[in-house]
Structure formats: C-alpha cells, structure tokens
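Here's a structure for you.
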Amino acid sequence: MNPLNPSFAEDVERSFRQQPIMDLIGARLLLVEPGVVEITLPYRADMTQQHGYLHAGVVTTIADSACGYAAYSLMPAGSEVLSVEFKVNLLRPAQGKTFLARAQVIKAGRTLTVVRADVFGIAGNAERELLATMQGTMICLRNNRIRE
Amino acid sequence: MNPLNPSFAEDVERSFRQQPIMDLIGARLLLVEPGVVEITLPYRADMTQQHGYLHAGVVTTIADSACGYAAYSLMPAGSEVLSVEFKVNLLRPAQGKTFLARAQVIKAGRTLTVVRADVFGIAGNAERELLATMQGTMICLRNNRIRE
Amino acid sequence: MNPLNPSFAEDVERSFRQQPIMDLIGARLLLVEPGVVEITLPYRADMTQQHGYLHAGVVTTIADSACGYAAYSLMPAGSEVLSVEFKVNLLRPAQGKTFLARAQVIKAGRTLTVVRADVFGIAGNAERELLATMQGTMICLRNNRIRE
Amino acid sequence: MNPLNPSFAEDVERSFRQQPIMDLIGARLLLVEPGVVEITLPYRADMTQQHGYLHAGVVTTIADSACGYAAYSLMPAGSEVLSVEFKVNLLRPAQGKTFLARAQVIKAGRTLTVVRADVFGIAGNAERELLATMQGTMICLRNNRIRE
C-alpha cells in the first residue's frame, strides 16, 4: 500500500506520543509501515480482570490504537483519524508476559478505512498465542473537523 | 429478569473489587440490579487519546465490565463470566467530566448472554450525551472451567 | 428526530420498490417515520436453513434494509444511502409465521448514521419473540458518489 | 486443522443441500476442507438493492453459510451448528458476474468457533475484488439441542 503522506511514520510516532493512555498502560509503538502498525505491552497485574487475565478493555485499547495508526499511515498529511466502530472476538483468556497488537489495513478509502488487528500473548519462551482479533472502521477527518 | 443467584449483588461487587484494572482507571460500581449494571468513571487526562478525548479502549473497558456483570447478575451461583465478543459504535468524541456505562441484558441463555451497554459523557451541568454503544456476548462458565 | 427531506417517506418507499431482493423474499415496507422503519416478511419454507428456521442471511436482509431506510429517512433530499457495516446477534432460532424488522436511528450524523434493528418472530397468535438484533453504520452519499 | 469427524465433507454437503435458501439464491458449495469452506453465487438481478448491487443481506447469506460450514467441518460427528453472531464490513459496492464467499476458522473451541469469511466479486475477466469481510461466532450443539 502506498502512503500519501511521505512523513507518515513520524506523524504516527508523534501522534502516538500524544496519547497519554499509552503511557498509563505502558504500551510502546513497535513498528510503523504503510498500512501496518504494531504495539507492544508488557503484562502488569494492575491491568487485569477478576481471573488475573489482561482485561478485554486493555486488549481493545492496544488493538484500537494499532488499527487507528495503521489507517492513519495511509491518510494524507494533515488528516486526523478517529475510530468509528470495532468488533472484537476474544479467543482465549489473555495470558502472556507481553502482548502484541498487529493491525493491518484491509481497505483504505477516502473517508473510511477498514482495518483488522490480531492481539497475541507472548510467553516467556517467546511462543505466540492469538488472543483476540478486531475488525474495525476508522474515519479520516480533514482540517481537524472532529465534531460534526 | 429473575436472578438465579440470591447473592448476585454481593457476588458482582466482590468480583468487581477483584478487577485491578478498575482501580487503575478509577471506575466505580454504581448500580447492580438483575440484568442491569452501571459503572461510573471520572475523567482523567492520563486516559485520553491524541485529541484529549477519553480513549475508545477506556470507553470499552467500562462498557465491557458493565456488560459482563449485567450478564453475571443473572447467572447461577458459582459461575464465572467471560466476554466472548463485543462490538462498539463510537458516536461522538468522548468528552465529559465523568462517564457512565449502563449495561442491560437483552437475552440471558444457559450458556450465552447477549448484553447491550450505552456509555454516556456527563458534563459539569449534569447533561448526558450518548458517546458509544456496545452489543456483546458473554459466556457462563460453570466449575471455573475458563480455558477449554 | 427531524427529517431534512420533506418527502422522506415517498423517497424511502420509492427506493424500497427499487430493491428487487425485497420482491424475491416477499418483504413489505410496513412503517416509515423519521428515523424509524419497519419491514415485514411472511415465513416461506424456501428461505430456511437446515433446521427449518429462517436463514440468518434473510433475517439480516430485512434488518439491513430497515436500518438503511431508517437512516435514509433523516438524510437530505438527493442523497443515497449505503451500508458500511453491521453486527447481528442471533438470540433464538428464527421461527414465526411472519417476521418483523424494526430499525431505529441512534445517532444521525452528516456522513455516518448509527442504527439499531430488532427482528421479531410473530407466531399465529400474534405473540412476538425477539430473534435478532443488529447494530450498524450507514453512510450518506451526496451527488450519487457511490464508488470512491 | 484436524477434523474430529471423518465424514465431515459428506456431512457438510448433506447439510448444505438441506438449506432451501441456497437453492432460492442459486448458491453452490465449491470447496470443503477442514476449517475452510467456499460458496459461489452467480449474479442475478433479482437479488440486488436499489443501485443494482448485490444486496448486503445476500452477501451475508453466503458468508454466514460458509462460516457455519467451515466451523461445522471441525465439529464432532452428530453435532449441529448455529450462528451466534457475525459482523460484516462492506468494503465496496457488490458488483460481479459471480460472487465467492471463502470462510476460514480462526479458532475452533469445544463450544464456540470463531470464523472469518471474505466475499469476493469476480468479473467476467476472472479478476477478484474483495467486497466484504465477516467475523463471526458459531456454536456447536450436541444431541440436537437447538433451543435452550
């Protein structure tokens, strides 16, 4: 996929640094390519649900940001990106030493971009297990028009 | 809707206290009725995305926990609840002084329960605005059988 | 909800008549109000799946058209509507003498409209049972710009 | 993926023949492998919406049956399969001389199976275009227990 914005990688990185939630949960941007973004997150006990698994909301947080930035990487310079909707299937309890969300654009449109993200749990021995998968829609806003 | 578990409210409250993520984000259980749960969350700048709105992942976190506990309130004593899947439509940028997720069971089954949650932003003047809506499926696990 | 298009009802009816699939399955437009549309469908054995229930795809067909026209009823004159995405939870096997899809707009935007539809099975004694619920997004296209 | 049912292909084919809706729309089973099913559908004008594109409900019908049978191919002999939920993103107006739904199991569980389907439009020159993508959940029912 061809990026319209030659500084897409810097723009994604700058925007990512402007998401305070990423600091709160300890997420880091791992990879930015045209239409593909990876975010990594170390396990922390204070982000779990009642059985000690990573809360589905945190799984969603990294999947959604990965999807948003994968879409953003293909948008023209000066755009903004917002999530329109997403659906998450939780395949297994979210266990792992670290977690990885990998998002990939399925179809980039002028206004709407459809993205998919897989979230993996990575054990101490580096084995990966698919924990969840997201299918979502992102919208491109030009001229900072965020509220209709 | 008739609860099968006479101590459903205490069980929901105990399980909620066992979700460390709720502490991390500052969420509080506001209401527990058979098939209905409300969770409230004060705005905090460290939970926002790049435009200063509450991150969609945090919106999802309280919606998912509200859905899970609304389903759980109708399950037999000794069950466990896990999220199977959910879909979230983000209707407006998530602004507010506080946020409220209100979940309501649509159909409670022996194994699967379908739940809907609305997330509202509440301004300083107490005005409510619908920000997002979730439609999801929860699964009832008996005898603590969490991993298949 | 206030319609922007004074002839919204006629426009919905005309567009509905232009959907050949509605004829094929025997669906009829029952109600058109601003932001609300109902479609009814008599049971037919040739629209069922392997257990004799209405196929989920047919349930979806009437839910999707109801959602599309509920959204369309609030769009400006001269627009076109297309489905962006939808999610359907199937709550019970689709039994009934007739079926009713009732769609209601949750949030109408300039570009995107979020709609919900419930599909009911109606027995011979007129009793209604909720079979499925859809949550979807519709897009408003101006000037017939259907392909990006 | 390893089939538990040695006659999975025959069982899928028999069940497919028992779906009258497939006859109504002219759909044909093209491929059955463990965890993978393809269904093909020739274009017909009587299955379109108001702009002449295949109705999203018909796109969903073949995607849902493909997902159901992909899941079914991995279930033990004597099971039944039902759709729990699905989400469809419609990427482009559904044009084509024929359509192909290809479903692939993402995670097969004892009770729930998560499946993805892509629906392609195939032009006269055999070029494929991705039109829609579904992510859904199927449930395995043993002993014909279809209604809870």
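Letters are used for the chains, namely A, B, C and D, taken in the order the chains are written, and counting of residues starts over at 1 for each.
Just so we're on the same page, a contact is a pair of C-beta atoms (placed from the backbone, for glycine too) under 8 Å apart; a residue touches a chain by one contact, two chains touch by 3 or more.
Just so you know, these numbers come straight off a predicted model, no measurement behind them.
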Label of the chain whose CA centroid is most distant from the centroid of subunit B: D
Between A-B and B-D, the pair with more C-beta contacts: A-B
Between subunit B and subunit A, distance of the C-alpha-averaged centres to the nearest whole Å: 22
For subunit A paired with subunit D, centre-to-centre distance based on mean C-alpha positions, whole Å: 28
Averaged-CA centre spacing for the pair subunit D and subunit B, given as whole angstrom: 32
Residues of subunit B whose C-beta touches two or more other chains: 84-85, 87, 89, 92, 137
List of subunit D residues in touch with subunit B within their complex: 84-85, 87, 109-112, 114, 137, 139, 148
List of subunit D residues in touch with subunit C within their complex: 15-16, 18-21, 23-24, 45-51, 55-58, 60-65, 80, 82-90, 92-93, 146-147
Touch list for subunit B against partner subunit C, complex: 87, 89, 91-92, 106-107, 114, 116, 130, 133, 135, 137
